[in-house]
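Two complexes come next, and they have one chain in common, chain A, joined by chain B in the first and chain C in the second.
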Partner chain A sequence: MKVSELMEALNLKLLTKDVALDGEVRGGYASDLLSNAMGQAQPDMVWVTMQGHQNIAAVASLIGLAAIIVAGDAPVAEDTLSKAELNDVVIFATEASAFEVIGKLYELGIGKE
Partner chain B sequence: MRTFLVDLHIHSLLSPCAEVEMTPHHIVMRAAEFGIDAIAITDHNASANVEAALRAGERYGVKVFPGMEVECMEEAHIVVLFDCLTQLQAWQSIVDARMNGLKNNAEKFGAQFVVDDDDNFIREEERLLLAPLQMTAAEVVRQVEALGGMSIAAHVDRPAYSIVGQLGFIEPDFGFTAAELSTVGWRNNLQSRLQRLTGFLPYVTNSDAHNILDFVQGPKNLITVQELTLSELKLALKSSGGRLWQAGKFAKFED
Partner chain C sequence: MAENKSLKLGFDVAGGDFERAGEASAKIKKMLKMIGVPADIVRRIAIGTYEAEMNVIIHAGGGNVAAEAFTDATVITVSDKGPGIPDIEKALQEGYSTAPDHVRQMGFGAGMGLPNMVKCSDEFDIKSVVGEGTTITMRFEHISEDL
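Moving on to the complex of A and B:
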């Protein structure tokens, strides 16, 4: 599934500007501990978190994640978005809880392959 | 220049997790007894026992830095220090406005007591102190700096409630003055392994004590400075002009 299809399916709000949405999503990871996400998330995964600090952009860029979904209406800092845009990292926001988001991702088949 | 033994992260009985023996007066008295020259009382999101510690400190000849252990929105702990009580009070009013409004459950989390410098009960703090503020780590560091204080990333080697645990790493321009290693982290020699993740910040070691035994036995710092002020502490952390900051030092005591 492509990042753009994911956005539509989950009705996500795109926060980053001018970042390509044609990446392929392969699997997912959820953690609010960045130290843990850094060690466990794999390239092309979608990452569900409630952290909005700019380090999430660095972690996503470092691993080569397909996208970040900031769940539960958690605030995302301004400098997080500028850093993400600079590094071609896609960040979505949603009011849905992390639990709901992950459930929907699973229904879509992400993480089952 | 003089050399001082300092411990800048100590909880009083205002912290729900601390023992009731941790009155400001008792902490200061033990500091004097064991040759600990300077301390900071750093309760979770609170500072109501600092004034008593300052008064006791004057009586016993122990320098007290007004401080607090702040829990930021990312659920990480930051030790903030100031030179004077008015700066800390200004900081406390910012903190008060960013609390979540929940009440403490003393049975589940522990009671939160405010006392005077003679160990007399003044009041019980009813707000839930063991909770994140609606303020990001970056904002904490920025606002503390603006008030003339300094910020230390607390127990960075611990997986829980540390900036490194929550945010993965510290950018060198984050604004922290130092990174604190926990007692266990220092014992396991994690300094070099964490150097890059902590943005090459200088290390400090404090007891982070919640009881008197941990306070007396826990790690401290031996610092060589002209006087005990935050600006001198900052210079010592940079080893500037012959000043020195040696982490991993302990009080001497007989068995």
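Moving on to the complex of A and C:
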């Protein structure tokens, strides 16, 4: 599934401008602890978190994640977005809780392959 | 061809600078990608370098992040003149952290940084003297597991 299809299916709000949405999503990871995500998440995964500060962009870029979904209406700092755009990191926001987001991801078959 | 020819890249990072945190690791990652180090190795190097860079920013009041890429391996050296680590064995345990509350709120302080460095590198060395500082050396062989 492509990042753009994921956005539609989960009705996500795209926060980053001018970033490619044609990346393929392969699996997912959920954590609010950066070192945990850093050690466990794999390239092309979608990362569900409630952290919205700029270091999430660095983590996603270094691992090569497909996208970040900031769940539960958690605030995303402005400099997080500029940093993400600079590094081609896609960030979505949603009011849905992390639990709901992950449930929907599984319904879509992400994480089952 | 010179056998021990290498490419070096080093950056000073400032303590508490979350604005630029991760930039040194990102630049090193870019260089290694450019010179053709396999992608899965570059990713492991990026993880280890980032964890060490963040520790210098969070725990040591700043330091230096350096990469030296040889034909067969990359060596990352991260050093600081911070407070040092009193009990290294304890610091290497998963879950041990002295991170203050304000950085824990940002999702740091899981006590996973050093264990991540040990796991992702082929060789890991830490030298730390209380009151003098800490130096971490990680070696990554350029042999891809994807091949």
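Miscellaneous remarks
Just so it is clear, the second predicted complex is superposed on the first by the 113 of 113 C-alpha atoms of A that agree within 3 Å, B and C clash if a C-alpha of one lies under 4 Å from a C-alpha of the other, contacts with A are read in each partner's own complex, and residues count from 1 in each chain.
Following the convention adopted for this analysis, a residue touches a chain if its C-beta (ideal position, glycine included) is under 8 Å from a C-beta of that chain, and two chains touch if they have at least 3 such contacts.
Please read these numbers as outputs of a predicted model, since none were measured by experiment.
Placing chain B and chain C on a common chain A by superposition gives a clash between them.
Set side by side, chain B and chain C differ in how many residues of chain A they touch, and the one touching more is C. Of the two partner chains placed by superposition, only chain C is touched by A:64; chain B is not. After overlaying the two complexes on the shared chain, residue contacts for A:32 are found with chain B and with chain C alike. When the shared chain is aligned, chain B and chain C each come close enough to touch A:55.
By the touch criterion defined above, A:9 lies against neither chain B nor chain C after alignment on the C-alpha atoms of chain A.
Of the two partner chains, chain B is the only one that A:77 touches; chain C does not reach it.
Of the two partner chains, chain C is the only one touched by A:87; chain B is not.
In the superposition on chain A, A:43 contacts chain C only, with no contact to chain B. When the two complexes are superposed on chain A, the residues of chain A that touch both chain B and chain C are 32-35, 38, 51, 53-55, 58-59.
Contact residues of chain B toward chain A in the complex are 73-75, 136-138, 159, 164-169, 171.
Here chain A touches chain C in the complex through residues 32-36, 38-39, 43, 49, 51, 53-56, 58-59, 61-64, 79, 87, going by the rule given at the top. Put simply, chain C touches chain A in their complex at residues 18-19, 21-23, 25-26, 29, 43, 46-47, 50-51, 54, 106-113, 115-116, 119-120. Across the interface of their complex, chain B is touched by residues 32-35, 37-38, 51-55, 58-59, 75, 77 of chain A.
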